[in-house]
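The same chain A turns up in both complexes below, where it pairs with chain B and then with chain C.
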Partner chain A sequence: MSAGSGGVGMFGADALIGELTPAPSAPTRRRRGRPRLWRVTIFVLSAIFFLGPLLSAFKFSLITANGSYGLSNYSQIVGSSAIRSSLVTSLEIAVIAAVVVVSLMLPTVVWVRLRRPQLTLLLEGVTLLPIVIPPVVVAAGLEELQRNAPSWVVSLVFNHALTGLTPFYVVLAMPFTYRALDTGVRAIDLRTLVDASRSLGASWTVTLTRVILPNVQTAVLGAMFLTIALCLGEVVISSLLLYTTFPVEIIQESLSGTAGISVALSIVTLAFTFLLLFSLSLIAGRRLGPGSSRVL
Partner chain B sequence: MPFAAYVLVFLGLPLYMVVHGSLTTSTGGFTLDNFKSTFTSPEYKAAFENSLVLALWTSIAGAVFGVWLAAAVITARTGGMLRRVVSSASGVFAYFAGLPLAFAFIAALGPLGVATVLLRDSGVNLYAHGFRISSILGVGLAYVYFQVPLMVILITPALEGLRPQWQEAAQSLGATKLAYLRHVAVPVLAPSVIGATLILFGNAFSAYATALALVGSTFAIVPAQIDDAINGNVLVGQANIGLALGVEMIFVIVIVMVGYGLVQRRARRWLQ
Partner chain C sequence: MIRFEGVQRHFGGVAALAGLDLEVARGELIALLGPSGCGKTTALRILGGFDRPDAGRLLVNDVDVSFVPAHKRDMGMVFQAYSLFPNMDVRSNVAFGLRMRRQDRATRLRRADELLELVGLTRTADRYPHQLSGGQQQRVAIARALAIEPAVLLLDEPLAALDARVRMQLRGEIRSLQQRLGITTLFVTHDQSEALSIADRVGVMRSGRLEQIDTPENVYRHPATQFVAEFVGAMNRLPGRIADNGEVAVLGRRIGVLNPDGRARGAAVDALLRPEAVAVVPDAAGPGEITDRTFLGSVTRLEVTLDGGQKLLVDSPGNGAGTAVGERVGLRILVESVTVADTRAGEPIPAGG
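Here is the complex of A and B:
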């Protein structure tokens, strides 16, 4: 699924998160020689292939309606109420999904590690399911569900993007969240912390929110950032179910003949998502000390 | 356990609806006709063929360039700016950018795209040679854009697992660089590379965001056919054929994942 990118191709989320919290391995120093031909070649090819479309998009987004260069596409974004309302919808979904997925997964991860380690494999398998099932199939299932659901469910859940999409984006975010939180919890001395907190009389809720949570805050932040990135990029399910989220609005703009605005919005989205992941890599790098840059 | 209940309701229920609907007639009776018509209709056959071809060539191209790029990138200093930027950018492009990428490609290679105009002015008229951004080739190029970063993410841990000592040992025993690659590096890495390529294949096979933005539901690949069957069409019973296509997609992905699991077991022998 490509993400699915956008379509959110989410295969290999484990690898993405695997690098989120690098194991404290011995720093392997690699010898650096002269720049070799094979290395220079791939860097040049990648620069052309990867930067080419981005620079083209940037130039394209600066072309105004009368053919000259200017920022009118960007100023129209700010002025459009349709874009604004779709962005608000997507941000609401993203934030709620991020909070829900963490509050659902963190207790589960802790409970499995402490009490039911034999369930680890099962949990891994279940959180892999959203990766295995193509988003378009989830969308088809939801559409079928809508048609067959009693009308009170439809009016309660499916009539609004916020209630119709958030619960399912939470499921889509589970692979990322699980890996991020699991690596975070693995890195702390969970049993000692829990025993200490419990023996001092703290309830499970207090232990979870005031002892464990502060100790895995980088992992929680990572899980939330990835969930937000996912929700802002997901277009297949929302488009098939006819909800106007931010990515769907980008497509709508281009269908109404203003490709320049769509391209400008794409650039803004890419820049925002990049900043999200880049700041995550900086935060994780700082917490773990120099030499541990690999966040993704 | 709230987690189990949540997954059961919000993932299990849609899945159940897909499987149930694919086996049901429009009046509610049991049938296998939905599957039968996906196999007999030339339209759906072509869609499957296109999807498989698209997934195959973009996964191989992505794997080749991804391994190459990852190998070049890991020679840079760990913790350096290049590593940070490449890993963040890979994450964005591989997982979260299907839609924006489509518009970047329209801006570059669309009929009025920047690269198209540039090439035309220097004498190469892509569109006169039959290139279309909405063709299998055009969409595939955009797919490669997220396949390469995904390969970089997947294969970097394996490349880092290659110990420098192995190369030193081989060299001290008199092996040339080529001999080291042939007898040590390639055999150790092969299972990881094959496994990652399988994931790229599954990724491209189930991807739809980029194609949706570039072409829409008229595109002859399986996800677009599902979209079309559900939304684009008023024919009775068509939606259930879309659900049957969905079940078949899951089936293909399950085969790919089983293959991945098998090679992954082998990959763990030397790495990690």
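Here is the complex of A and C:
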């Protein structure tokens, strides 16, 4: 793999380093020997720490009702209409919340940066509130709100997970979205791009969608991804308010004695989230293209 | 065509424009020159619609446009910072303004290609901004600004980020393009050589006001005020005295005064002399000594310290043969008239660039 590196050379990263650096002289090699051993040790330990439980869970999820190994838990997931409908609900909430929160936050971030920079601190403070206030408190407040709401509001809004939860997930997603978008907007020369676009005759809407949005695309995708991950993982508020979202369904499955299915569900969720992250980085990578020097 | 009428703009108590009056004729290139913070960029941004005057009016073709938003102004602007849209290729960048004007695709592309030809960048049409050099990016920015056939072209220090050679070349191209198209242009810069070489008229600004607006030659040779004299080009101050016939006696010679301003005979003044308006002659009994010597290529700049301790810059043509640090020299004034200023005893000569 890495004939010239002269070291352990069993890991990709080590091999790469070995190829990039010139063959070390004897004293350097001895000095580097110890850190390399440490590196391997830490790598192995953390791999066991992270992958061990995951592999055990996967193995557990493969155990069928009669004690042998098989995919029956997974086929039950696909077959169960309760799981399917909760997954659909959660995905709907996630996508709508992601779109809404970005279309609210992007104009806000741009407006504050261009016109009201003195509000930056206030905005940072306000967007931190959803993190500072514990979910249980939020849920208790929402419960109070639901109890006192007129019945038509209850039947129109609170009776459905989609309308009942999405607005609150939008609020919960604000901290991550704001920070992701703010970083993205900071990385471009916002004022010049906006001025240029305006002087060429573009309205604010066109400037926002055709000039700013494509140039903070990675940040927007990042913000959306975080929001989706949040919606697919949030359990406290939705279960306290008795909405059956996907994560609530996972817990219910495990409580009802079908632990195998619940673990299989967790594995599926994990794989799904990983795929999201992976496709995001793929999209970001393709946008930049080969030989690009843009830092975005 | 463009008229600023007493335009004022304040930023938190500081006057960026303290009543600007400026008129630009059709097809004219005016350069606004001044130190940073003099209000030149504010004037440009108000004309472009990116900022609004607190008082006064801005007229374009006798119509008050002070509060017309930027996207309805019909002005092409080129910025100091690279302003091409990174997500679009060069052709789409140039065609962007036409797209905003709802022109059909064929017209947009044809026009974009015409303009790219105009700035000599036909071959880069399919590239993205980050694949271009700084000079190329600014050329595309100029093409993009011209594509909408604007009434006015606004240039906000477009060459400031480029290296010296590209800067010289591009300013020549901008000038010839402007003359060929006959487009009214406002060019903001802090680089005096840029302003002098490119403009029909140069407006020198200071503290939100126009100090002088005149042809580059007049601004350089006949500065109206002391500020203009000292900001544009390097300038020496030499103590003198007003003599008969409104002349000034300086370095044992009597020469004319450009700005007599009713100064009394015998009044102590400083004569403002450019480095190239003075020559040194080797003279062992002369009044000064060469204390420094900088080779600048076409001239050699000498620093002469007079016996009174006063320092003086003298540009000696060529390599300044026969001048050496430590040598005693005499001084000869080469011009027939100078601008004078009130004496500023004890203050050092500004090291003008």
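By our rule, the second predicted complex is superposed on the first by the 232 of 296 C-alpha atoms of A that agree within 3 Å, B and C clash if a C-alpha of one lies under 4 Å from a C-alpha of the other, contacts with A are read in each partner's own complex, and residues count from 1 in each chain.
Here, a residue touches a chain if its C-beta (ideal position, glycine included) is under 8 Å from a C-beta of that chain, and two chains touch if they have at least 3 such contacts.
These numbers come from a predicted model, not from an experiment.
Novice: Tell me the contact category for A:214 with respect to chain B and chain C: first, second, both or neither.
Specialist: After superposing on A, A:214 lies in contact with chain C but is clear of chain B.
Novice: Give one of first, second, both or neither to describe whether A:195 is in contact with chain B, with chain C, with both, or with none.
Specialist: second
Novice: Going by the touch definition up top, name the partner, chain B or chain C, that contacts more of chain A.
Specialist: Touching more of chain A: B.
Novice: Determine, under the contact definition given at the top, whether A:45 touches first (chain B), second (chain C), both, or neither.
Specialist: In the superposition, A:45 contacts chain B only.
Novice: After lining up the shared chain so the two structures overlap, which partner does A:118 touch, if you call chain B first and chain C second: first, second, both or neither?
Specialist: The answer is neither, since A:118 touches no partner chain.
Novice: Is A:151 contacted by the first partner chain B, the second partner chain C, both or neither?
Specialist: neither
Novice: Once the structures are superposed on A, label A:141 by its partner contacts, choosing first (chain B), second (chain C), both or neither.
Specialist: first
Novice: Kindly classify A:203 by the partners it touches after superposition: chain B alone (first), chain C alone (second), both, or neither?
Specialist: The answer is second: A:203 touches chain C but not chain B.
Novice: What is the contact status of A:66 with respect to chain B (first) and chain C (second): first, second, both, or neither?
Specialist: In the superposed model, A:66 contacts neither chain B nor chain C.
Novice: Looking at chain A, which of its residues have contacts with both chain B and chain C?
Specialist: 292-294, 296
Novice: Taking the complex as given, what residues does chain C use to touch chain A?
Specialist: It comes out as residues 48-50, 69-77, 79, 81-87, 96-97, 100-101, 130, 141, 144-145, 148, 154.
Novice: Under the definition above, what is the set of chain A residues touching chain C in their complex?
Specialist: Residue list for chain A touching chain C: 188-189, 192-193, 195-203, 206, 211, 214-215, 217, 292-294, 296.
Novice: Can you tell me which positions in chain B touch chain A when the two form their complex?
Specialist: Those residues of chain B that touch chain A are 1-3, 6-7, 10-11, 13-18, 20-21, 65, 68-69, 71-72, 74-75, 77-80, 83-85, 87-110, 113-115, 143-146, 148, 150, 153-154, 156-157, 160, 163-164, 196, 199-200, 202-210, 212-213, 223, 226-227, 230-231, 239, 242-243, 246-247, 249-250, 253-254, 257.
Novice: What residues of chain A sit close enough to touch chain B in their complex?
Specialist: 1-13, 15-16, 18-19, 27-28, 30-32, 38-39, 42-43, 45-46, 49-50, 52-57, 59-61, 104-105, 107-108, 111, 126, 129-130, 132-145, 147-148, 167-168, 170-171, 174, 229-230, 232-236, 239-240, 242, 247, 250-251, 254, 259, 262-263, 265-267, 269-270, 273-274, 277-278, 280-282, 285, 290-296
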